[in-house]
Amino acid sequence: MKFLVNPNRFNSLTDLILKPLMLLSISLMVIGLIFAFFLSPDDYQQGSTVRIMYIHVPSAWLALMTYFIMSLYSIAALAFRIPFGFIVNTAVAPIGAIFTLICIITGSLWGKPMWGTWWVWDARLTSVAILFIIYLIIILINFSFENRLVREKIVAIFVLVGSVNLPIIKFSVDWWNTLHQTASISKLSSPNIDTAMLTPLIIMTLAFIFIGILIAILRIKTEIYIRKQST
Amino acid sequence: MLLLQNISLKRSNIEIFNDINLSLSKGKIISLKGKNGSGKTSLIKIMLNLLEPTFGTIYWKGKNIKKNLYSFYDQVTYVPDKTTSLKNLTVEENIKIWKKISLSDIGNSQITNILKTLKLENYIYKKVNSLSLGETKKLELLRLIIENRKFWILDEPFTNLDTESINIMEQTFDDHRKNDGCIFFSTHQRTEIGITDEIIL
Amino acid sequence: MLLLQNISLKRSNIEIFNDINLSLSKGKIISLKGKNGSGKTSLIKIMLNLLEPTFGTIYWKGKNIKKNLYSFYDQVTYVPDKTTSLKNLTVEENIKIWKKISLSDIGNSQITNILKTLKLENYIYKKVNSLSLGETKKLELLRLIIENRKFWILDEPFTNLDTESINIMEQTFDDHRKNDGCIFFSTHQRTEIGITDEIIL
Amino acid sequence: MINFLKKLIYFFYREYKLYLSGFHSVLTMITFFFVAIFTFIFSIGPKDEILSLLGVGIMWTLFLLSSTLSLRKYYQEDFENGNLVLLHLRGFSYELICILKTISHFIFVQIPFLIFLPIACILLSISIDKVYYIIISFFLGSIILSCLGSISSSMNLLNNRNYLIGSVIVIVFSIPVIIFSVGLIGQYDNFNSLINILFGILLITFAINPWASGACLKLAIENN
Amino acid sequence: MINFLKKLIYFFYREYKLYLSGFHSVLTMITFFFVAIFTFIFSIGPKDEILSLLGVGIMWTLFLLSSTLSLRKYYQEDFENGNLVLLHLRGFSYELICILKTISHFIFVQIPFLIFLPIACILLSISIDKVYYIIISFFLGSIILSCLGSISSSMNLLNNRNYLIGSVIVIVFSIPVIIFSVGLIGQYDNFNSLINILFGILLITFAINPWASGACLKLAIENN
């Protein structure tokens, strides 16, 4: 598992898996989209708007997952002085931001027919919006500060402070009564969702994960390269 | 007293200078010369522990300077190359603030005298940003007298001064050296003071 | 071409100078000397119509300068005594902005050449606020070449420059004069260029 | 003539470099805008009726804030480093500088906000059919703010205790503008007559601005 | 020891002179605050109940936003003209400078503000018995804001292209403060326990401030 913290190992391993990963993620995406748009049934209440779910839910999960990974790496970087953590932070933040943005946009598109408005200040929506702003600020910090050492530290600290937001997002639907759907799929033991809908959802989630990993690998590689250049 | 050992500096990956050794002690005037960009200002900043050298150590009274930074600072007056006087305040206010912050026990009459020799006496109630460049520089140099320390570290102290003021400054430098002071300054000008050592970067 | 007649100036009720007469015309280098506070900078500002003299008039091509201000400005490059380059931008961006605003038709290769002779070629992607003082001054003086006008009006152009750069500047001045240009500059330094006239305030 | 137009364009290019040293500066401004909206919502609570009541006020306040925050970029920096003089020598009269600076302030500070205004409206539960009115009134209002900002920051250059209140006076002057624009939102019936008043104010400030600011610039440069 | 105390006093004297000579920026802040309050009053209309309900939240947010207006006085000027270095050489460690600057920001910017607070309360029809609570919470909150402002403006020294990012970070961090302080006003019963939380936040920011800002100052000076 050394490749998770060591740039050289990371580079050599990812060189190997990059192409297969690319193939895998593209094909999963295609299959998933076919399933989502053609092979899955309409919801009896929501009609075909339910198909938004196949994008909304995976991107939401990935937005959270990305931030979670960033928090782990920030701890690694700050507490155990593993500089690779800073690299990951810098590289991965824009990916998380994009996923969050997708989640918010699809959510609002879904919200208009379902709730009658694009936006409400309900706990989950608010906390996701804050997540997006946190991502944005991280990106902006990376752009604005010239001194790399400073920039990295500020980002890592910021990520850690911001991570209190994660449980709020996750459990907001349980803690406060909100408009938003409570967890129905992620109850692993008995997901109360039809398998015809579950299959495309799972495929799309996998596709999102692999695409996320793919872009992350590419970005981390560039980041490693940039740092090698500058020293 | 102050000893620089094997100082080297890189800035943005370009080597500025390498392996500088020098020492300051009382009764010396050292001038620092070099082309533009040769690192004079940087060396002075390193000397004052404002900039970390890439390599090398600085000793003050035999100990690493970081160990007793403030005892060193307490003996130094630094006049940077840029204007530091507060522009929206008058000359008098600037002098007053500076006198107070450096806990100087210099008398008002003495200050008036110096203002007179420097021909600044008519400007005490003027704001600094309506002084001419040379007058501002003189005000900067006034800090040497106000703070009344042994070590003077100056970055291009003669720019914008007219010949007469330069002469006065050279006289002051000489007096200071005779009073057991030490002066380290960078310059592009040829000066005729009793320089005891010249460093060329 | 430019004629100053009976110019006097008071600033905050103190008389700075009185009854100055001078004229600029092509092929001349005029140096302006004087003590600190004698009004060199003020005279230059008056000449550029940036400051109203207490008394006296300025003529440009026989007409009062206020009548055809911009035709005069169009022939002048002014390098003030303070840094004007934008500190947060790089050297290259500064040059680019300046080139565009003055609608200069000077080629990039020529600029690269000058940057090389001034030894600034390694700094083009550096921000101005991380340059040394001398390097910044050189960048300022680069405007003379970029703008490519006949009249150069300079306020203390040699401060902070090393001897080598001063020589280059003097060479440039000489070339400019030979090309029918006109230079008016204030300085405290002794220079050895072909000064045709010296005004002492 | 073509030269003159070129010069104008390069002036804006320069301003662009000064205001926004890249895309991330724009992004920061917009983030600032949204973070501020969030803060308001956290402090006054997310009740729809209240939000849509306060929404316009919130947005106006933020507009006012952002234009106050950016006042330093107006003339201060260029004045202090002598660039104002250099621009003048390159053929920009003081009045022209003022006009161009006002326009660039509008473009580089206010426009990014105006673009994201509809999203802000969604967040503040302002119904979509009002957005049209809001955008028009903000458009006019922000030009007025830019003009007023120009006057105030040029007055501040005079750096003389008598003129200290420059920036204050101008904020105060923006009160009627705000009253009108806020009032405008409630009254869609006589929207047109109100917008005419706003337009009138705009014309007046726009006409006064180069004249007043130009005089201040001239004076400031003389005293420098 | 006495020398040290003298030095501290003279430091404040110096700050006093600086803030006084730039008094218009404080004045700008206060006018901005009031104009914004007027804006809200106009957009809500003089409905007392709503006003007094929302008043505290509005004041808090405006307070926060207007304190971003004064951030330039914090370190920027002293950094640019080299005075930070000179003060350091006169025996003020970077951390000490940060503490003193924070205190003087509080004294010379926030206190004048706090003085005008009761007037704002009257405008927003907040009943007089609440004013006491409001002042206490604003008092604590403004110290927190001063600390956060110090951190953000010292961070801004490290980036000279994007002057807003510091403010954005500060605002994000102060959202919890606002939530607590606004919540405080509604609940006079457990006022004490809530004030304790605010006090806790105050202590934390006050402890982090010299450490974080000091490090930024040191780095900024090295890179200059």
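Letters are used for the chains, namely A, B, C, D and E, taken in the order the chains are written, and counting of residues starts over at 1 for each.
Here is the rule we use: a contact is a pair of C-beta atoms (placed from the backbone, for glycine too) under 8 Å apart; a residue touches a chain by one contact, two chains touch by 3 or more.
What you see is a predicted model; the values in this text were computed from it and never measured.
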Averaging each chain's C-alpha atoms to get its centre, pick out the one most distant from chain B.
-> A
Far-end chain from chain C, centres as C-alpha averages | A
Chain pair with the most contact pairs?
-> D-E
Measure off the straight-line distance from the CA centroid of chain C to the CA centroid of chain D, and report it in whole Å.
-> 36
So, what's the distance in Å between the C-alpha centres of chain C and chain A?
-> 58
Where chain C and chain E are represented by their mean Cα positions, the distance between them in whole Å = 45
Which residues does chain C have that touch at least 2 chains other than itself?
-> 82, 87-88, 130
List, in ascending order, every residue of chain D touching at least 2 other chains.
-> 21-22, 24, 28, 31, 35, 38
Each of the following residues of chain A touches two or more other chains, namely 133, 137, 140, 143-144
Which residues of chain E touch chain B in the complex?
-> 3, 6-7, 10-11, 13-14, 17-18, 21-22, 81-83, 85-91, 93, 221-222
Could you please specify the touching residues of chain C with respect to chain D in the complex?
-> 48, 50-52, 70, 73-74, 76, 78, 80, 82-89, 93, 97, 100-103
Parts of chain C lying in touch with chain B, wherever the complex brings them together | 11-12, 14, 34-37, 40-41, 81-82, 119, 122, 126, 130-135, 137-138, 156, 159-165, 188-189
Where on chain A is chain D touching in the complex?
-> 108, 117-121, 126, 129-130, 133, 136-137, 139-140, 143-144
Note: in the complex, chain D contacts chain E through residues 21-22, 24-25, 28-29, 31-32, 35-36, 38-40, 42-45, 50, 53-54, 56-57, 60-62, 64-65, 68-69, 72, 156, 164-168, 171-172, 174-175, 178-179, 182-183, 185
